[in-house]
Amino acid sequence: MRNVSKALWSLVSLLSIGNAALAASSEADFRAAYAAADAAEHEAGRLRNQWIATEAALAEAKKAADNRDFDRAISAAKEAEALAKVSIFQATSEKAAWKHLEIH
Amino acid sequence: MRFWLITLAVLALSIAHRAGAAEGIDPATDARAFREYFVRKFPNVKLDDFANGPYALNEDMRRQWEEKEQFPPYEFSLETGKELFGTPFANGKSYADCFPEQGIGIRQNYPQFDEKSGKVITLELALNLCREANGEKAISYTGDDMAALTAYMAFTSRGKPFDIKIPDDPRAREAYEDGKRYFYTRRGQLNFSCATCHVQNPGERLRAEVLAPALGILNAMPIYRSEWGNMGTISRRFITCNSQVRGVPLEAQSDEYRDLEYFLSYVSNGLPISGPGSRP
Amino acid sequence: MTALDDSFPITRRLVLRGAGSIGLAGLSIVSFGTTPTLAAANDKYPEDAFKQKDGKEAIKLLYGRAAEPSEKIKLDAPEIAENGAVVPISVSTSLPEVTSIAFVVPENPNVLAAYYKIPEGTIPNVANRLKMAKTSNVIAIVESGGKLFSATKEVKVTVGGCGG
Amino acid sequence: MASSIRVRAITNGETTEVQTLIQHPMDSGFIKDDKGGFIPAHFIQELTFEHNGRPVFIADWGTAVSKDPYVKFAFKGANKGDDLKVSWIDNKGATDTATFKIQ
């Protein structure tokens, strides 16, 4: 199970490249990052395929922002967005792929 | 690890793949193939015994189960269910008035396709519809009372074979097909479908537990799980299954779960109701 | 009080374990008295024995002596517990004049699980369901004709997951 | 309130087999609740079976007995129709008693 998470993490970090902002981040940056993550998670919800980890990362982002730790808040929001995007990818590809598992 | 890599590869490959136009939906053929798959996979298991889930597949577990069945831990819930079922609503009517045969020995006929609403009506849903029709508030689909009520109704149907009907109505066939799709669709961070555990790997241990075969899996519902320490409904089981693959569960009795129950019950037609059951 | 017999393998194992479990015992939320009482000798609930973190001490508190393995005890327990919350365990014995049967689970936070007094006329055959925190031996202690005998079986306990 | 005690006591003329299931949480004190605090220990300590006023089985239990505990034993000397009195007391002082007919 740990290995699964590890593989997933590398995927997530691939998708969230660019979140390593050097300068201290602002509230505006956080809002943008959070809005993007929230939109992606909303789409995953429309596809009925949200992930618990995404929800947790969104909550973490919000909490960090409440504590005015925007570096952490942005990194959590980016992670949430990346996770949501993988879940969207999963739901979209499964629209056809589920047939492979069917017993015939 | 290997599993996940393969999964990623499948995910990647499947982008290119597109299923052709919707083939004809043929539940009867599906159900035959479904049953044959399990019978071939477990040639030593009697067909009816699939209704006993993992206990049909593992001798050590079966002994523990048989010991527990001498005085099953769900006994208290079953009694509560009988009591709740017999208690009249404020208007003097009771659950019995909402069901054919006064609700006794009919569990094997649920879920049903309701031609009026065009939707699947599960037993849990029917119980709440009954309450609402009689001016009572709906009760939680994942709570103890619903578990107790369905336990009692299942108990009165023990041994009766599942008899799920798919009427000649395109909406009914679609509901069945949607349930099937939900069953085989990978979801959650673990990228598991229901079938990953309950078709591909029944009898295997996933961490602690021996996975139950999908064939007959709802016949034992509701179940007293030692892990829960109490009785839980089908709704509760679906929700925990989705959480276990790290997906956000859908609402209890959402269309997807209702259709899933329709599919899973239909493919187990002919197998006896064994609920209420007990499981690890 | 009779000293514990170090040739008894379970006892020896428990002694070794006892040394390692001091830290755990210190963390535990219940405190326990250290005055040994021979609970088996009277009808009172053996409170101190039930709070023991160490199998050797629990047995000593209950009976004041150690047990020796006996093949006349049949201990029935699963090889792998389907869930540690409910592990069916039973014991029967052909030993004569049985006055008590106890179940000890050395890896549990409180090692003594259950202690059954068997009056005359009652058959020395008990089945119950116990909790097991993790993989552990289960030890059945049978008091027969004033002597102590035991049987041991390992039960594997794994954590819960996607199952059922 | 229904009794917390369920008993099946069946005699074959010589021995009477008794199975009991009791509704009780049997909280060990080692389990945390949703808020991270420990659920206080709450468990049956003593369970007694009496036939014609004579104790035939006494169970002393600790925290490791499963929720809704079950126990089975057998004894000699009872007849069909005799009373079997069952009572328990837990660590908080709660008790329950019920009398059953041997079948």
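To keep things simple, chains are lettered A, B, C and D as they appear, and every chain counts its residues starting from 1.
Note that in this section a residue touches a chain if its C-beta (ideal position, glycine included) is under 8 Å from a C-beta of that chain, and two chains touch if they have at least 3 such contacts.
These numbers come from a predicted model, not from an experiment.
**Student:** Quick check: more C-beta contact pairs in B-D or A-B?
**Tutor:** A-B
**Student:** Just curious, how far off is subunit B from subunit A if you go by their C-alpha centres, in Å?
**Tutor:** 31
**Student:** Provide the C-alpha centroid distance between subunit A and subunit D, rounded to the nearest whole angstrom.
**Tutor:** Taking the mean C-alpha position of each chain, the two centres sit 52 Å apart.
**Student:** Just give me the whole-number Å value for how far the CA centre of subunit B lies from that of subunit C.
**Tutor:** Inter-chain centre distance comes to 40 Å.
**Student:** Which residues does subunit D have that touch at least 2 chains other than itself?
**Tutor:** 67, 70, 72
**Student:** Would you pick out the residues of subunit C that each touch at least 2 other chains?
**Tutor:** Answer for subunit C, listing residues that touch two or more other chains: 85-87, 90, 127, 129.
**Student:** Specify, in ascending order, the residues of subunit B that touch 2 or more different other chains.
**Tutor:** 68, 73, 229
**Student:** Which two-chain combinations qualify as touching?
**Tutor:** Result for touching pairs of chains: A-B, B-C, B-D, C-D.
**Student:** Quick check on the complex: what are the subunit B residues that touch subunit C?
**Tutor:** Touch residues, subunit B against subunit C: 53-54, 60-61, 63-65, 67-68, 73, 192, 197, 205-212, 223, 225-227, 229, 237, 241, 244-245, 279-280.
**Student:** For subunit D, which residues count as touching subunit C in their complex?
**Tutor:** Those residues of subunit D that touch subunit C are 15, 26, 28-30, 38, 41, 45-46, 54-67, 69-77.
**Student:** Which part of subunit D faces subunit B closely enough to touch in the complex?
**Tutor:** 2, 6, 8, 19-21, 23, 67-68, 70, 72
**Student:** For subunit B, which residues are in contact with subunit D within the complex?
**Tutor:** 68, 70-71, 73, 75-76, 79, 229
**Student:** Could you pull out which subunit A residues touch subunit B in their complex?
**Tutor:** Residues in contact with subunit B: 3-4, 7-8, 11, 45, 48-55, 83, 87, 89-91, 93-94, 96-104.
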